[in-house]
Amino acid sequence: MTNEVTTEILATHVLDLAKAGKRLDGRGLDELRPVRITPGYVTSADGSALVELGDTKVLCGVKLEPGTPFPDTPNAGVLTTNAEIVPLSSPEYEPGPPSIQSIELSRVVDRAIRAAEAIDLAKLCVTPGEKCWTCFVDLHVLDDSGNLTDAALLAAMSALKNAKLPGERFEIGPTVPLEVNHLPIETTFVRIGDALIVDPTCEEEDTCQGRLTIATDEAGNVVAMQKSMVGAFSPHDVIELVDRALVHGDRLRELINTTK
Amino acid sequence: MTNEVTTEILATHVLDLAKAGKRLDGRGLDELRPVRITPGYVTSADGSALVELGDTKVLCGVKLEPGTPFPDTPNAGVLTTNAEIVPLSSPEYEPGPPSIQSIELSRVVDRAIRAAEAIDLAKLCVTPGEKCWTCFVDLHVLDDSGNLTDAALLAAMSALKNAKLPGERFEIGPTVPLEVNHLPIETTFVRIGDALIVDPTCEEEDTCQGRLTIATDEAGNVVAMQKSMVGAFSPHDVIELVDRALVHGDRLRELINTTK
Amino acid sequence: MTNEVTTEILATHVLDLAKAGKRLDGRGLDELRPVRITPGYVTSADGSALVELGDTKVLCGVKLEPGTPFPDTPNAGVLTTNAEIVPLSSPEYEPGPPSIQSIELSRVVDRAIRAAEAIDLAKLCVTPGEKCWTCFVDLHVLDDSGNLTDAALLAAMSALKNAKLPGERFEIGPTVPLEVNHLPIETTFVRIGDALIVDPTCEEEDTCQGRLTIATDEAGNVVAMQKSMVGAFSPHDVIELVDRALVHGDRLRELINTTK
Amino acid sequence: MGSVGAKDVPELLDAHGKRIDGRGLHDLRPLKIEAGVLQRATGSAFVEWGENKVMAAVYGPREVHPRHMQQNTKAVVQCRYNMASFSVDERKRPGLDRRSQEISKVIGEALESVLFVEEFPKTSIGIYIEVLQANAGTRCAGLVAASVALADAGIPMSDLVPAVAVGKIAGKLALDLRKEEDNYGESDVPMALVPRSGRLVLLQMEGHMTRDELKTAMDMGVKGCEKIYEIQKAALRNRYSLGGNGGGEAQ
Amino acid sequence: MGSVGAKDVPELLDAHGKRIDGRGLHDLRPLKIEAGVLQRATGSAFVEWGENKVMAAVYGPREVHPRHMQQNTKAVVQCRYNMASFSVDERKRPGLDRRSQEISKVIGEALESVLFVEEFPKTSIGIYIEVLQANAGTRCAGLVAASVALADAGIPMSDLVPAVAVGKIAGKLALDLRKEEDNYGESDVPMALVPRSGRLVLLQMEGHMTRDELKTAMDMGVKGCEKIYEIQKAALRNRYSLGGNGGGEAQ
Amino acid sequence: MGSVGAKDVPELLDAHGKRIDGRGLHDLRPLKIEAGVLQRATGSAFVEWGENKVMAAVYGPREVHPRHMQQNTKAVVQCRYNMASFSVDERKRPGLDRRSQEISKVIGEALESVLFVEEFPKTSIGIYIEVLQANAGTRCAGLVAASVALADAGIPMSDLVPAVAVGKIAGKLALDLRKEEDNYGESDVPMALVPRSGRLVLLQMEGHMTRDELKTAMDMGVKGCEKIYEIQKAALRNRYSLGGNGGGEAQ
């Protein structure tokens, strides 16, 4: 399906550039694409945000509905993260059940939200064991121009910060803003030869030798990591990337916090 | 899969005939195939009918079972229409999930029944918000020799008129005939060149430039329409076909009402 | 997918051997492969057993969980048999929904357990119509070297005999051994030319002209049969095989009963 | 087979040895077969057998889909036995459940046993059975219908395949069980015969039988199959005789 | 359409004949179209129409997957209309329900009616519509967006395809229904026009209308479509004019 | 990781710094590896690691199904990690859930990183892992087993791949978590090492760790992997030594 010759020529070119410290789009190796966040993009959701990371576009809609707590966590609400990589977003889409890419995307975003304890699920419990809020974080990928993960978590956290608990609609108390306690940010790197570059485009992802996503919180902790794709990182690489992720994380947290 | 050469030769032939006001099976452009209705064909159903429209055969079985009203219509029973175009019925069947043809068929039949208010769903409510009758209208296509839609709605309406509410079996009151208040009939036309012909065979459907189904009720209203397949109709065509559909509708209503 | 030339050469060879009363692995026509049973193989299950029949390996895990009786058998527990022929077990595995082989396997094993009344389902009822034990008999095929059915029922019966009703875990009375009342054994034969051979390997199954599985109980009754694969057996063949199945059944019952 | 906790077990044999519907132990239910009932299928047949109504159609030999199932040395036989949602008392969810899939497999294998599949390499023969109204014995009725549909389609076979079940009710062997006998009887042995060879191509069993009961059951089944075979042949003769409008019929 | 047991029916027309949002019977909701909004797609368009937000992308002509759907004499048009889970009040399960599948079919057939599919044999043209926020009329909004996306992709067509619904509310025909009008109105007729031929390529209807009402409804719809057509063309002009940043817009 | 509302948190470290099962912070659970345990697979291995029991099989290089996944320049690696329904306390529905699919992906990518896939274009290498009994660390156990199975299958690799998790319990870093430690601990970092290059091909993390803790955790993991590597090699030596019946074993 993919044109293998083109892929190989592109891979060689991307690699040659990386050796010279350069990238296809002229960015520096540790430079993010421009980020634009539009909270409240969709009014039918209880919270929403459109995130544009260069040409990559991810829309997140949050819906809050009454539900039942899981039997093993009777005092907690339920958080469900789902990602749809729809065929509109990329020529590489394949029909069928949710792709493994969309499953990994939703799980990595979900893991960061949970590990950072971004939402206090105990506060989403209404009646222990009986009634709680279910918080659906639905990610809709509109343009997959690379690094969906970082854009998706930015969209999810912006949408959660934008969300209201619709108590009045469901006659469960007043409608109040959803509390967001922590703000995890994911930063993704790929290896191209010996270069470790941040925020890869899809061309860079297609030709990389390993990808590493690092989620940090505002206290400087690492809360989640995911190495994926074929390739490898030394422990030394990982620590270097953690240091870089902490810097990017702080900058993006600042951006979310100042976007209205 | 389809033999493209044969298809093209057939299409040309059907088109040439239509220009001369003729059809493959010798019918006039506004002439239906012979219709035969056998109510009560299947005794395991609460109501049933076999409809033969030329060689096209559709069997409808109605089942009534206790269920729960939908939350947004607590005072109404539930109507569910389902069509199975089984592999027995046609060489064109493809394995897999319900085909889009069967989905469109069931939705267009369902729409006519609902829009005409053929069944008073409020009368199928037993206890508001808690218990109601669910009415399953299941269409089983046995021979797809064209124009499934018209045959399917005829079968559905005949089966509903034949149906009994099995109150005794489920200990919810006496067993009584299901009330049918209105009798929608669908009439389908296809465009072949400039000709607009009624009740198409499968050869005519395969080579047509647009199909239009018009549902009418006994008061002379249009209650549902569906244009489908590649092709187009002018508003003027549509009104001409509505006039023709009203005539066919009255004749077929008469047939259903006089068939025991 | 299968190499048809190899298959044909192998088929001829297996047939020639059978004419001479011989088999690929040197066994006699009515000789089983060595059987090894390891009850309690998996401690996460409530009962389990690994069965090795020659190279064929089937692991059975039994799980007992609280559930609801079926409406038409309010005084009985629920028995559910499921077989997973996982891709690890054979090069012939095809991706997709449960294969028809795995469905037939689970149904034939299930039928023998039920028909022999191995478990008294009435004793698995806790509160009539409301609460019962659901007994999941899950078969996991690890190596499909032929005759899965016989190995699977051996594993299922050994796992059931090994199982404990986990009353304490679910706070429904004490934890006690599950009662097993009868011990059905299945013996499978295939026709190769005129020879009727027992316990076929996968090479013998691939080239056979009919397969017959006969389940017997300890009282000498036939409780279930399944002819499958293309081929035929005369009534006279069937009675001969029943007689042979009764002998093998007694020997294997003895083995199960003496294995700790 | 004797479901646990079931109530109101009906009396399956009366004082005179008559069954619920008045039949004797060796009697078939009324059977009517009509060949060539569908326009689009290559071959077809309709069977009305007691209160069963079953339609069968055959398509092919034709191209194989999906392609990777194609076999270079023989036709692939694809068989599908399906029950209409309204064919039984309690509405059945549309689609093939596990029981229907198992029956599809054993019927397909039974019929392939009489087909000359080597004559049609790289093709598929589709056998489709729809149960429209069910009252025990639908797998046999489906097989009987499909066998006639294959003949109607002109597909070469070594023989027609009649089929019938023998069961045990109130301790006695009985031919061709109806619903109550199947539900409350002690065992059930459906079988399909190739009359020319005297061999069984379908054989299943559930319940309790001794070796000798099983032998007798197979004898009874074979005799029943021979009667059905005649009706199958009559249906095909009627199909090809010009005046024929009926089909084969029993009783 | 007047669901059974529904309560609190709002007043759809006030004493001055104004609609809930202040529009007259022949007024469209505000409509904004932007072409070329996605990087990876061959062509794309975004439509904001009243409170609807709909994105469309076109891919191709390209290889057909799965291969067996390939046609030797024409391109295969694959159309998918999908609603985001959060686009409606009550969260919708992700994935295509039966309604979305039907709409995908009729939109795909409508657009194929203006495409020169014979020019691209053995290829597929993928048309993907995502409803991000819904307030009645999303199938028309999707068609309008997809038509512009096809033009943006440079795929030859005989014409752009505008679309709009006409309904009956409080006994009067009204153009371009919004959610309350759709839920509590008496009928709904979505249609799509090929302006150059004056023919409809999409036409559905549900409710009650006399023949004459239907005739008037189509007249109103055609006039509405002609206005939308101008906005579609403006969006494409803006896309290709250097200074263009906006797209087409109404009101 | 510290689930909300959970009760009865066990004491994970005692006064002497011993863990629930008596291990020290740097100790592995007992590990036994046996290669070549299945007849039909090209290569196979069985791992018993603490209370985990995991089987792995490798098939190929062989034809690719479905065909359109075939790659002209390399082998396709298809990896499937599956848990038996009875491998965990509460019965798991058979089939791959989302967790299993994610683990299948990261294990497959980890192993492909050491395979010379370019040597086998147009083929597939199937790696199948079945967890028969689970007690935390099954993805590492599966990777360890699969790596030995690949070697048993004779598929060329740059190195064997050992794997282990490091976690944080009661504030301390600990090697190779067991179930209670995983459930009630503060974080978990599974990793897989290529010993010859010193690089990690699998690395995941969840919980809270500072940069320096993470550095230490990786050091501990690398040391654990080196021990496991020896047991993997011993298992393969045993497989090929004539008298060998055992496999590799720790403790």
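Lettered A, B, C, D, E and F in written order, each chain numbered from 1.
Criterion: a residue touches a chain if its C-beta (ideal position, glycine included) is under 8 Å from a C-beta of that chain, and two chains touch if they have at least 3 such contacts.
The shown structure was predicted, so the numbers you read here are calculated from the model rather than taken from an experiment.
The chains that touch chain C as well as chain F are D. By number of C-beta pairs in contact, B-E leads when B-E and B-D are compared. Of all chains, the one whose mean C-alpha position sits at the greatest distance from that of chain C is E. Across the assembly, the mean Cα position most removed from that of chain D is the one of A. We define each chain's centre as the mean of its Cα atoms; on that basis chain B and chain F are separated by 57 Å. Between chain C and chain D the centroid-to-centroid distance comes to 26 Å (mean Cα coordinates, whole Å).
Chain B and chain C have Cα centroids lying 48 Å from one another. Annotation for chain F: residues touching 2 or more other chains are 65, 68. Taken residue by residue, chain B touches two or more other chains at 1, whereas all remaining positions touch fewer.
Shown here, the protein chains touch in an arrangement that is not a line, ring, star or fully connected set. Applying the touch definition to every pair of chains gives A-E, A-F, B-D, B-E, C-D, C-F, D-E, D-F, E-F. Listed in rising order, the residues of chain F touching chain E in the complex are 68.
By the touch rule above, chain B contacts chain D in their complex via residues 1, 41-45, 48, 55, 57, 59, 61-63, 65, 82, 84, 86-91, 94-95, 136, 138, 140, 142-145, 202.
Those residues of chain F whose C-beta lies close enough to touch chain C in the complex are 38-41, 44, 51, 53, 55-57, 59, 62-63, 65, 80, 82, 84-91, 94, 126, 128-130, 132-135.
Chain D makes touch with chain C in their complex at residues 1, 3-6, 68, 71-73, 98-99, 101-102, 104-106, 109, 112-113, 187, 189, 194, 197-211, 214-215, 218-219, 222. The touching residues of chain F, when paired with chain D in their complex, are 65-67.
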